[in-house]
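Take a look at the structures listed below.
Two complexes come next, and they have one chain in common, chain A, joined by chain B in the first and chain C in the second.
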Partner chain A sequence: MKKRKMFLRMISASLMRRRSRMAVALLSIAIGATILSGLVSIYYDVPRQMGAQFRNYGANMILTGTSGSFTADDLAKACTEIPEKELVGAAPYRYDNVRIRNIPVVAAGTDMEQAQKTSPYWMVEGRWPSADGEILIGKAAAESFRFREGDMIEVDYTPETAKQGEETVTDNTLYFTVTGILSTGGSEENYVYMSMTDLEKLTGTGSRIDVAELSVSASSDLLSGYSDNISAKVGAVSARLVKRVTASEATVLTKLQGLVLLVTIVVLALTMICVATTMTAVVTERRKEIGLRKAIGASDKSIISEFMGESMLLGLMGGVLGAVLGYVFASQVSRNVFSSELSFRPLLVPVTIIVSMFITGLSSLMPIRSATDVDPALVLKGE
Partner chain B sequence: MSLLELKNVSKIYGELHALDNVSLKVEKGEWVSIMGPSGSGKSTMMNIIGCMDKPTKGEVLLDGVDISKESKKSLTTIRRDKIGLIFQQFHLVNYLTAVENVMLAQYYHSIPDEKEALEALARVGLADRAKHLPSQLSGGEQQRVCVARALINYPEIILADEPTGNLDEANEEVVVELFNKLHSEGTTLIVVTHDPEVAEVAQRTLVLRSGRLAKEKINENFTGKIRFDDQTPV
Partner chain C sequence: MFFKMIKGMLFRQWKKMLMIAFTIALGASLASAMLSVLYDVGDKVNQELKTYGANITVMPKANSVLGDLYEIEGGETPGAFLNEDEVMKIKTIFWQFNIVDFAPFIDTEVTAPDGTSVTAVGSWFDHHIKMPTGEELDAGVSSMRSWWEIKEGEWLSEASPGSENSAMAGAAAAEKLGLSAGSVLHIKGPAAEKDITIVGVFDSGSEEDDRIYLPLDTVQELADLDGKVSTIEVSALTTPDNELAEKAAKDPGSLSLAQYEKWYCTAYASSICYQIQEVIKDSVASPVRQVADSEGAILEKTQLLMVLITILSLIGAALGICNLVTASVMERSQEIGLMKAIGAQNLSISGLVLTEIFITAIFGGIAGFFAGFGFARIIGHTVFGSAITMRPAVIPIVAVLVVLVTLIGSIPAIRMLLRLRPTEVLHGR
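Our next item is the complex of A and B:
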């Protein structure tokens, strides 16, 4: 039998046949590794989770035309600069002055589906328009016109060409069904929202985008990079960040990550103390065995390698348990705090195991070194 | 050349002379008993002969090497290669089986060999108990595992410290019989004991008192067998 095989046989026998003793040590390591792995999962998932939360506060990037307006192609090009999985939504807006009951109103043409993604905080009483001929009325506008959901309204537009001195002005007119009343708490409540094609039809002009709102789930550094790339690569578009959103997101993230990091360090220290205490108890309890091993010829190096082997095996088992339980713990936190699923990070499994083994080894070092001080003569006379 | 020779060996702790100018020789293949009351210096002598302690004065020659001048590391090597230890309390590793306990001595000495360890257990009559844990063995069986562990590396000397101290008469006889067998195979035995019956089985008995060698008795009628009817102290 090779020495290595006997070594493994000894350390596994020590763990398996002294289960109750070792269970305490394993428990302390596993708990430490669980909290550690869980907190690290949360630490790395917080930006994604918080990003998703912050996306509820609206767009964080605004695109405007460098010379007034830009096209849908320019917007599509700009969007290619942002990774697909990070782009939550990109809503184009075009604004024109229309008239309802002869009173001027600002009409906004947009992509309703994208607008819902970039402005999730918009409250719609009724439903969002889903087809041409449907319109969303801002709450203030609806109150002044006394419009309700389901009303049929007439929207007029005086073409630009008609204003150039023609005596008889013929307005473009379209009829819309009010599908919902929009509350935002902002100026949007004075506008009416319709599809881009309806507004183009009403105004009789071609496609045009005045401004686009983008919601991107990324850190402020990445956002700045995307914004710079868009401005540099898409000539017709100028991108800027919505500072109040990105800055507060960065601040909250930094503080939250700092807090998680601090708790992780404290847990790490507590785990080390716990493991060191347990290993000290294990060594003290096994002084006679150490004395015997030394009496029958074990060198200090052998004693250290055997105890370290046991520690490493405990660390390995604790690490595996911790990686599994840590994911469960982090998933629960993610579900309860952020109401979303945690993304599994495969790399965290080997990292947890290695860290667990390292911490166990490090905290066992002192008690194991003291094991070599045991006098082999201890075993004589049954001392 | 004697296998073991102590020349004017003293071990002094402050004012206390645990061993005081002791000289003795043990020849290869000899069976020697050491007796004496508590505090007579038996343990100190065992520690020194067993390479677990060094004398304050004097020389200890083991196989021609003065072990009193060796480093702690060298003493570990000498102990591993030349000495087999048998303890009163057996001192088996409680989570290793009988055969694994024997293999433990092989592990520190050279290469563990399960077949050889099983043969050693068979020699002490425990072939069928090889896979048992110490807690599943009787005191006598545990001591026999301890003997198998001591002889597995073919040591120059077997040093037994009160080997029958925790055994009943039947097991005492079994252990003494094992010693007789080892002695007949040429193994050198040094047995520290309180028990006169065990002591006088040896070829020679040394009596220590207050750290000095007080008496030496040669067993003219050496048979290697224990005699329970003879209670005469040495």
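Our next item is the complex of A and C:
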């Protein structure tokens, strides 16, 4: 009991007395620990955060009806197969041939809010339709009709039942306000987009979905699992992955994660060596003290345990400091780069502390050993 | 005497100096590795993002508006095609080295003996291009459709014998026509008939599965459209759009001369499109927003991430060096106290210490620079499979950093030297 008290007193006294030097050592350990915990949290968060960025490429899963009766209920059922957190958006599409100024045009009915989520790359000049009676026009279509934002247009639809040999055909007609012009660089530029309810009103038919686009933020293995599940459980639907998006995302994401991993390893290795050299320097300068203790009769074991206790304490403090600072750094990075919050990993705190204690202990063990091995007379003489 | 002392110090205390040099080398290698990676990461990631395929499509002017809007079949309207001879001109624009891949496409309807019709697409597969500039390039669908999963057989190679009568079939088309790798199909186009061998069946997860892909010349012969192509897909390395690029994309005429020059000489998707339109007659080049937009976003994020990691590691390296320099000077307080006791000036002692440290720093810095460059190369090879180029710009940055950091690191040490009282130190307190 008494011995332990003395031990603690010697350690704390040594830390207090040699404040400036110990501050130097503590600072370097804390930096090492900060880099460790900061970079490792970033490394673990990169796939999730980058995955979200990759959702810019749009839908990576397509649902189509199997027997022709794909409804909004089926889509909702299919969406429950995917964890809510991973589902970025699910936009239903329905296509019908309508006429504008008697020229046939493909009209798509969709859920505008979801479409914005599944196709973030669509550029709308003006604004997205937000209410019924508003329409979004593809750039190519707008050019050929010379429509501009704010125009009132008339859209006609010839009901299928009327086509059967009747002489006088009564068209369904609705009026729309053009709210925006859509450019994508793809075939979407030839279509016009309106809300699902408008298209149902125009065609006079019930709810029907031709295709649903899903944007899911998950790894490719999980994705194929989801698509199999949906195809199996929701009878009216068959799910397919958009290979172009999923395959490419997997390639690029692996490379990016590999990059961060390698950078992390290199930075960590170098930082740890830096910490070790600092600790070695700090201990080496106390060779004289070690010699003196030996000369007045301290055993090697007690000297080693005392010095090690000291550096372990430093390692502990540096590790705690570093774990906190590292988390602060990583969450700053996450906020600035990805503008989202970092997920806290509790396991990283003990790991950081243990690693920094291990490294400080190991790097001070060697100089202590070499100091205790030498004859105290030689050390004290300064050779 | 000054130099003699320094020499003596360096030789006698070489162990200690080696340690300082080693730490500085570590810091310098960290700095140079991270900076080299940082400079190159944009290009490398950009290359990787090319797996998403073309980011620019070129279409005939007449076609882009008429298109399927008026449902004109076959495209007999004049000007609805681009000339195959002009395709190569894409590689002559101002940003020619940013064009990494391109392929022309033409399609026609063909019928199988049993009467089923299928869309036949003609394109390049691994077309070998030799530019007058000496640049060589394999362009075509085999690199622009890297996500195609080959279910049977293999990719069509244009160099192999009999390739002009070969084709690749999409999974859905293969099922409809009962094809598998190696089977022979007699197809009848609008102008000619041909026996073709299926060399591969692919799954693309899109409507391309319903088509068969043949070499460009074969489809031109089938449809009697010699030397004509309907679209060109271009994969280009681009800079993320900014306000200027968006303004220019709407109307290049609205820019002032200086803005125009800046826009024209930056690899924005819109300026590359503009330049392609300049060289290809009656064409409309437009960026594929799905690819072009996302590329910009991902590139930006990756670069920002790397910048922040670099800053963190540079701070770490700098503080590590500072620490060690301070510790090593403090250690020598007795020696310095003795010098002071026998009458040395503060100035000359500081000069002595600084010179020692700088000589060590120079050696450490040079060694560290090369080591760091080695690290960067390792990263480049393992992650991207290509070397990271050595940027001369990294050298001065690292040099300035090392000098600055050692200088700052010596400040607390020098301050301590100035405050040092010889009697106290020599007394051993």
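FYI, the second predicted complex is superposed on the first by the 334 of 383 C-alpha atoms of A that agree within 3 Å, B and C clash if a C-alpha of one lies under 4 Å from a C-alpha of the other, contacts with A are read in each partner's own complex, and residues count from 1 in each chain.
The working rule: a residue touches a chain if its C-beta (ideal position, glycine included) is under 8 Å from a C-beta of that chain, and two chains touch if they have at least 3 such contacts.
Keep in mind the model is a prediction, meaning the values are calculated, not measured.
Engineer: After the superposition on A, what does A:322 contact: first (chain B), second (chain C), both or neither?
Structural biologist: neither
Engineer: Quick check for you: in the superposed arrangement, does A:242 touch first (chain B), second (chain C), both or neither?
Structural biologist: So A:242 only meets chain C here.
Engineer: Per the contact definition in the header, classify A:190: touching chain B only (first), chain C only (second), both, or neither.
Structural biologist: second
Engineer: Which partner does A:105 contact after superposing on A: first (chain B), second (chain C), both, neither?
Structural biologist: In the superposed model, A:105 contacts chain C only, not chain B.
Engineer: Pick one for A:129: touches chain B only (first), chain C only (second), both, or neither.
Structural biologist: neither
Engineer: Using the superposition on chain A described above, determine whether A:47 touches chain B (first), chain C (second), both, or neither.
Structural biologist: A:47 contacts neither chain B nor chain C.
Engineer: Among the partners chain B and chain C, which is in contact with a greater number of residues of chain A?
Structural biologist: For chain A, the partner with the higher number of touched residues is C.
Engineer: For A:289, using the defined touch cut-off, is the partner it touches chain B, chain C, both, or neither? Pick first, second, both or neither.
Structural biologist: A:289 sits against chain B, while chain C stays out of touch.
Engineer: Same chain A residues contacting chain B and chain C, which ones?
Structural biologist: none
Engineer: Applying the document's contact rule, which stretches of chain A touch chain B when the two form their complex?
Structural biologist: That would be residues 1-3, 5-7, 9-10, 13-14, 17-18, 288-289, 292-299, 302, 375-377, 379-382 of chain A.
Engineer: Provide the residue numbers of chain B that touch chain A in the complex, in ascending order.
Structural biologist: The contact residues of chain B facing chain A are 43, 46-47, 50, 52-53, 73, 76-77, 79-81, 85, 87-89, 91, 93-96, 100, 103-105, 107-109, 111-114, 133, 149, 161-162.
Engineer: Could you please specify the touching residues of chain C with respect to chain A in the complex?
Structural biologist: 19, 22-23, 26-27, 29-30, 33-34, 37, 41, 45, 48-49, 51-53, 57, 64-65, 67-71, 146-149, 203-206, 286-294, 297-298, 301-302, 304-306, 308-309, 312-313, 315-317, 319-321, 323-324, 326-328, 330-331, 375, 378-379, 382-384
Engineer: Which positions of chain A touch chain C when the two form their complex?
Structural biologist: Against chain C, chain A makes touches at 20-21, 24-25, 27-28, 31-32, 34-35, 38-39, 42, 46, 49-50, 53-54, 56-58, 103-105, 119-123, 140-141, 143-144, 183-187, 190, 240-248, 251-252, 255-256, 258-260, 262-263, 266-267, 270-271, 273-275, 277-278, 280-282, 284-285, 329, 333, 336-338.
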